[in-house]
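Chain lettering (A, B, C, D, E and F) follows the sequence in which the chains are written, and residue indices restart at 1 in each chain.
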Amino acid sequence: MEGLELRIVQRIVANALEEDVGFGDITTLSIVPEGTEGHGDIHAKEAGIIAGIDVAEHVFHSIDPHLYVQKLIKDGQAVGAGDKLMEIHGSARAILTAERVALNLLQRMSGIATRTARFVELVRYYNAKIVDTRKTTPGLRVLEKYAVRVGGGRNHRFGLFDAVLIKDNHIEIAGGVKEAIVAARHRIAHTTRVEVECETLAQIEEALEVKADIIMLDNMSPEVMEQAIERIGGRAITEASGSVTEETVVEIAKTGVDYISIGALTHSVKSLDISLDIVSESTP
Amino acid sequence: MEGLELRIVQRIVANALEEDVGFGDITTLSIVPEGTEGHGDIHAKEAGIIAGIDVAEHVFHSIDPHLYVQKLIKDGQAVGAGDKLMEIHGSARAILTAERVALNLLQRMSGIATRTARFVELVRYYNAKIVDTRKTTPGLRVLEKYAVRVGGGRNHRFGLFDAVLIKDNHIEIAGGVKEAIVAARHRIAHTTRVEVECETLAQIEEALEVKADIIMLDNMSPEVMEQAIERIGGRAITEASGSVTEETVVEIAKTGVDYISIGALTHSVKSLDISLDIVSESTP
Amino acid sequence: MEGLELRIVQRIVANALEEDVGFGDITTLSIVPEGTEGHGDIHAKEAGIIAGIDVAEHVFHSIDPHLYVQKLIKDGQAVGAGDKLMEIHGSARAILTAERVALNLLQRMSGIATRTARFVELVRYYNAKIVDTRKTTPGLRVLEKYAVRVGGGRNHRFGLFDAVLIKDNHIEIAGGVKEAIVAARHRIAHTTRVEVECETLAQIEEALEVKADIIMLDNMSPEVMEQAIERIGGRAITEASGSVTEETVVEIAKTGVDYISIGALTHSVKSLDISLDIVSESTP
Amino acid sequence: MEGLELRIVQRIVANALEEDVGFGDITTLSIVPEGTEGHGDIHAKEAGIIAGIDVAEHVFHSIDPHLYVQKLIKDGQAVGAGDKLMEIHGSARAILTAERVALNLLQRMSGIATRTARFVELVRYYNAKIVDTRKTTPGLRVLEKYAVRVGGGRNHRFGLFDAVLIKDNHIEIAGGVKEAIVAARHRIAHTTRVEVECETLAQIEEALEVKADIIMLDNMSPEVMEQAIERIGGRAITEASGSVTEETVVEIAKTGVDYISIGALTHSVKSLDISLDIVSESTP
Amino acid sequence: MEGLELRIVQRIVANALEEDVGFGDITTLSIVPEGTEGHGDIHAKEAGIIAGIDVAEHVFHSIDPHLYVQKLIKDGQAVGAGDKLMEIHGSARAILTAERVALNLLQRMSGIATRTARFVELVRYYNAKIVDTRKTTPGLRVLEKYAVRVGGGRNHRFGLFDAVLIKDNHIEIAGGVKEAIVAARHRIAHTTRVEVECETLAQIEEALEVKADIIMLDNMSPEVMEQAIERIGGRAITEASGSVTEETVVEIAKTGVDYISIGALTHSVKSLDISLDIVSESTP
Amino acid sequence: MEGLELRIVQRIVANALEEDVGFGDITTLSIVPEGTEGHGDIHAKEAGIIAGIDVAEHVFHSIDPHLYVQKLIKDGQAVGAGDKLMEIHGSARAILTAERVALNLLQRMSGIATRTARFVELVRYYNAKIVDTRKTTPGLRVLEKYAVRVGGGRNHRFGLFDAVLIKDNHIEIAGGVKEAIVAARHRIAHTTRVEVECETLAQIEEALEVKADIIMLDNMSPEVMEQAIERIGGRAITEASGSVTEETVVEIAKTGVDYISIGALTHSVKSLDISLDIVSESTP
């Protein structure tokens, strides 16, 4: 599974099946005779970027490892309404029972990839890269950050543990930007980057003085942001943040900022419309 | 926790913290001295219906059971931009570490409740009740179905195990609506209801003949639906289904249908904008 | 595995092996050389209905997926003393280590199926169907309810979550049968049935008035039960309950009741006597 | 919890509640208002020896740690029909939801203790002690072996890991009783006892020669058993085994054997009849 | 896996990979193209006894079941610096990601086996056998006790549950050696051995009187120990204990004691130096 | 618990108790009457730096939350032989059962802190900081890396997920140092540092050209290392690595390198000698 830890996908899928199937799919078990063969086609019902093909396949194989799954496209490909994404052959019972969980994951991941791709496209002529945030669905962060990458975006830190991000509250408690960065550097691994949220040019000066790796320009107007980036002059990576929309992203990119982080990539997603049609092939 | 299994909330929250906090919130641990007292206020930044207040409280108490949490509103209340929802006092470290997971859950649940409430409001003068589907976020179904109830909606079946829902594929394999219902009745518990998806009046007649409990009118035009409901004449519960939007819901309700199920209540949600402001109160 | 969620069987078997095998079968590991081939025959030592053949097979394969298991009968078949049920070939160590857990499950499940079949046989000329209760062994409900079906019985609700069953305590708190049913209907999914326990004809009238799906006739004498069933007149499903024995079940069935629920199917079971004989075939 | 690992009881109870309560006790949640106070009395409905009082208490506290539980008797006490065992005060919802799991465990454990006590009583004038086997319910071994102790019995080994028990198959593969014992002694810890199943006096001689700790006299007639015990002359502990019933146990005890192991203590148990009556005290 | 429960090895390895790999090996995923074939050789870099070959293989197969692993030696073999232990062919990504966990386990286990073998060698001309203690690394006891066996040592009890070991505190609370042994015998299974720690000859007399199975001679000088062993005269197994080193072990063995238990076998181990060299073979 | 995720400590301790206590501490349960009060003193038996006081306390409270634990020193303090570290009052049973796991953790963690402190002391007059590696005990990484910090050392990356470390194999596959760094930067989060292992000055030039954050000087002689550091001239953080011992560490520090990473801090540790003396205070 390209770029995704199998171990984590297994856990998410097992959890989802536990929740949905419980002690059994009573409809299917009572109506579909064991041994009935079926065939399922997964189609996109609207245009978008697909993410989660391997994850959906894993759902089907979790229910029945003997299902034959043929993947017709790869994650990251653009599809139009009506395009076929995947075919599944084998136990009709297994296909019916797996259907909803497979689609729920595939639709959500494709929704995120599609949304991300729109932002990436908008800033394509600029230096800026689109990155996600920690505003992901609890339990699904690995899948959602993967979908952002599939859509052409980049990832911000994974969690509270793999990078330092100093926010206003930390600064206030530490007694200043400089003090906060120095305190962090003193304890964390030398293999870890330090990012600091700055709201004023004075704070930026402090951050540069103690060599912050990344400076987050938080909720600044494009004019102030441009000034800030000029002042930084390449001495730190720059990141714009704060309620970025498709309407405002280009103006922000024009400032020359390195990264633009957007919570809405994952916290407010419209699932891509994808459906599964099943045909039974034979009854035993 | 009113109407929510504590056991399940605990599992979801533990899982979310594992994912986000990992081996430690390195920013907070290195900058905020142990023993620093803090105070946090949670505000709505836009109008909506709140759901998840108890869940958010549980997140804070999972990180530190000694935090003092004051809940200023209850799930189901409408709030406006700027309204305060909750205050938290205690360890500044704990508040900072718990913040993101608490908000991610509260925002998503409130987004669902708000969306549901809009649909419920639209059909308020009709018989129809708004219900959810199984198109929920994998792993969060209990919370999302709860949020639908908070928003004034009703729940459809929880999973594949607690009710029979016979779809077109089942009907095809069984060889007809009647055969499918009879097969289901033969195996399932007498304590379980049987719903069947019908696309034609002929199918409805079959369903009535073998006493289906619920007839789902799938993707019918309002005219046909009205005809169908008349034919059923109260002999089964009726449910409308299929790409229902805020634009089409009233027309559907006018048909006199009993329930309208809407996947978008949970599969395409905009999180409600809610934020946490923290003030440190003392450094030890 | 026909009619049983593999996921749940895996969990039960893993749990049972953990408990029995712990850090190792020290007898077998120290006496039987690695590579010794063995052959095991499972025989019934008394007559009965077999349930759990696939579950026993799963135990052997959990210890060693390379064991060759040949199943000579299917769940639901009647066997006599001496009949062979299963043959296992392969690692003698694996067969010896798996033996006890495989038999413990197979014997208990067959005990339940055999007991159920006796009750089913007794009421064979009547309308009544035999159903189980929630008086199952904690942790094994899925297997025990399956064994009831194998024995020709039917299942009652699986747990507290998949159907409403209103008992005397609920009625008392609600202030009456009618009030209790209305309260339940108001919150639960429309896909869920409501059963209510009635002790008097007056309660039955109330239940019918608000359309209870099922009326449980609790601890009634056959005479009163007959009267009750007549009064109900097909407007609700009827279920007899309360200390039913092989001595009383026919008299109850004669009342015309639809279902008879019997706790003793699962709470007081005599394991069917089944044993495994092992022959070593070669020492490496 | 006297003589029971809390850790293991917690796991069994959590597992049982997961199975029974699932996503919620929908009957109770919809009918009983939050805050309703209730009172429950647990009574024996037939005479027996009680086991599992602390386990039942743990079930109630798992659902709601604020329930006030008053235990009126202790494990091991004999009760008569009608005796009150326990009172519970607090949330009516919690009492109703916990009821079935608490009773299922208490009834089964008391059934085992009562059965064991009958055997113990029968052999009270003899040297023999009654012991259990590994024929326990998968997942509940800790509770069932505890119940045997409560009933006055003793435990055999807990699993395959804490003692060596050499059976006919091991002997055959090893090439003799002597060879099997020597092989075992060579690998296992010196802190572990070795028991060997013997069917003939010749085998017993071999076992004594290499100092078996315990000799199991398997399916011998009382006459042969007496002879065997005389031959052993205190050089090893003796244990009688094989389809022991209340009818045969005294005759076996008369042989002077040290221990009599009985599978039926746990594999074929009639739950003791125990019930819970709930009274609501106030509605909020 | 010879002499090791697969179930437990799986749990330890899964846990170790979870800890080390987390949400992904970001170095390897970003640099090594999917499909790159690699080849790894594991060499010893110093002389010692190897333990853990099968465990290391299991680590590689946990990351990728398609890796081809060729084991060139077996656990228990002595190797010299430069000897090759194992070859791995297949996905270069998988080999790189699994490397550290595989080596961490193999090095530690081989360190224990090597250390044990040195002690065993020292007492080779005496009756005494070298045994381990419960001073193992939390979570790895099964592997460490296995490594002791591989090094030619024997195991003491596995945990607090599989044998009785009465220490000074127990004796003091019981009111004497005799009382303690009698109390233990009264409750535990007859299949369980009783060991008692004695510091004086008087205590030994008491222990013999009530037939202790094993007498631990705790921190005695060789002279006193010899006297003690003579007094015991084979009526109980003897075990020497207390800060045994390579310098003192022979003198202790000379006393004729049966077992010598040594905490340092596992609590203070130098990992054996073992390394993995990887060569990529092809890029796709 | 200062600087340690409680969640992770809980999991490690639960796991360790499961392994050691299993179905019960049969010695203590059978000899020590319930209700016996005891008192335990934990003393150091040799000089060292203590780490794990809070972890040991957690072990005692996991067995019995009512134990009263008084901590007399804090992690990081130096103690001498005979110094008292902790007192525990309460249930004698609980103290006896928890003892071994508490000591196993405390001794290992203190062994690591003591070893680290020796290295830190040796380089105290130089710029260099001592850091750990991923050569930790599987399952205990969080505790061992914490113990390194307690001993005055610093941490390297936690696992494969929180920083990039490009080794020779990655370089070879990528086709050069430069190519490897560029490939990594292209995919990983901008919040993540990149370290690269260099063996020659030419490689260092490449690394600097594409702005590696950290350059690891692998197995270089002090002379070459000095040259390398001069060439780097502060443009990247420098780290020395490769079989560092107490004999060689000063010479390495003299080169002016920023960090020295030492696997032996955790892979070859002598537990600090610490013991627990228990006195029973009263028998009920």
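Definition applied: contacts are C-beta pairs under 8 Å (C-beta built on N, C-alpha and C of every residue); 3 or more make two chains touch, one makes a residue touch a chain.
The model shown is predicted, which means the values in this text are computed figures rather than measured ones.
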Enumerate, in label order, the chains that touch chain C and chain F alike.
-> A, B, D, E
Expressed as a multiple of 5 degrees between 0 and 180, the CA superposition of chain A onto chain E rotates by 120
Chain pair showing more contacts of the two, B-D and A-F = A-F
If chain centres are mean C-alpha positions, then the most distant from chain D is chain A
Please decide if copies chain B and chain C contact each other with the same set of residue positions, more than half shared, or with different positions, and reply same or different.
-> same
Gap in Å, rounded to a whole number, between the CA centres of chain E and chain D = 33
Indicate the whole-number Å distance between the mean C-alpha point of chain D and the mean C-alpha point of chain F.
-> 44
Starting from the mean Cα coordinates of chain E and chain F, work out the distance between those two points in Å.
-> 22
Shared-interface residues of chain D (touching two or more other chains) are 21-24, 29, 142, 158, 161-163, 165, 187-188, 192
Chain pairs in touch?
-> A-B, A-C, A-E, A-F, B-C, B-D, B-F, C-D, C-E, D-E, D-F, E-F
In the complex, go through chain F and note every residue touching chain D.
-> 14, 17-18, 21-24, 29, 34
For chain D, which residues count as touching chain E in their complex?
-> 129, 131, 149, 154-158, 161-163, 165, 187-193, 195, 213-214, 237, 239, 258-259
Touching chain D in the complex: which residues of chain C?
-> 12-13, 15-16, 19-33, 36, 38, 92, 96-97, 100-101, 103-105, 107-108, 111, 134-142, 158-162, 164-167, 169-170, 172-174, 180, 183-184, 186-188, 192, 267-271, 278-280, 283
In the complex of these two chains, what residues of chain B are touching chain D?
-> 2-5, 7-8, 142, 158
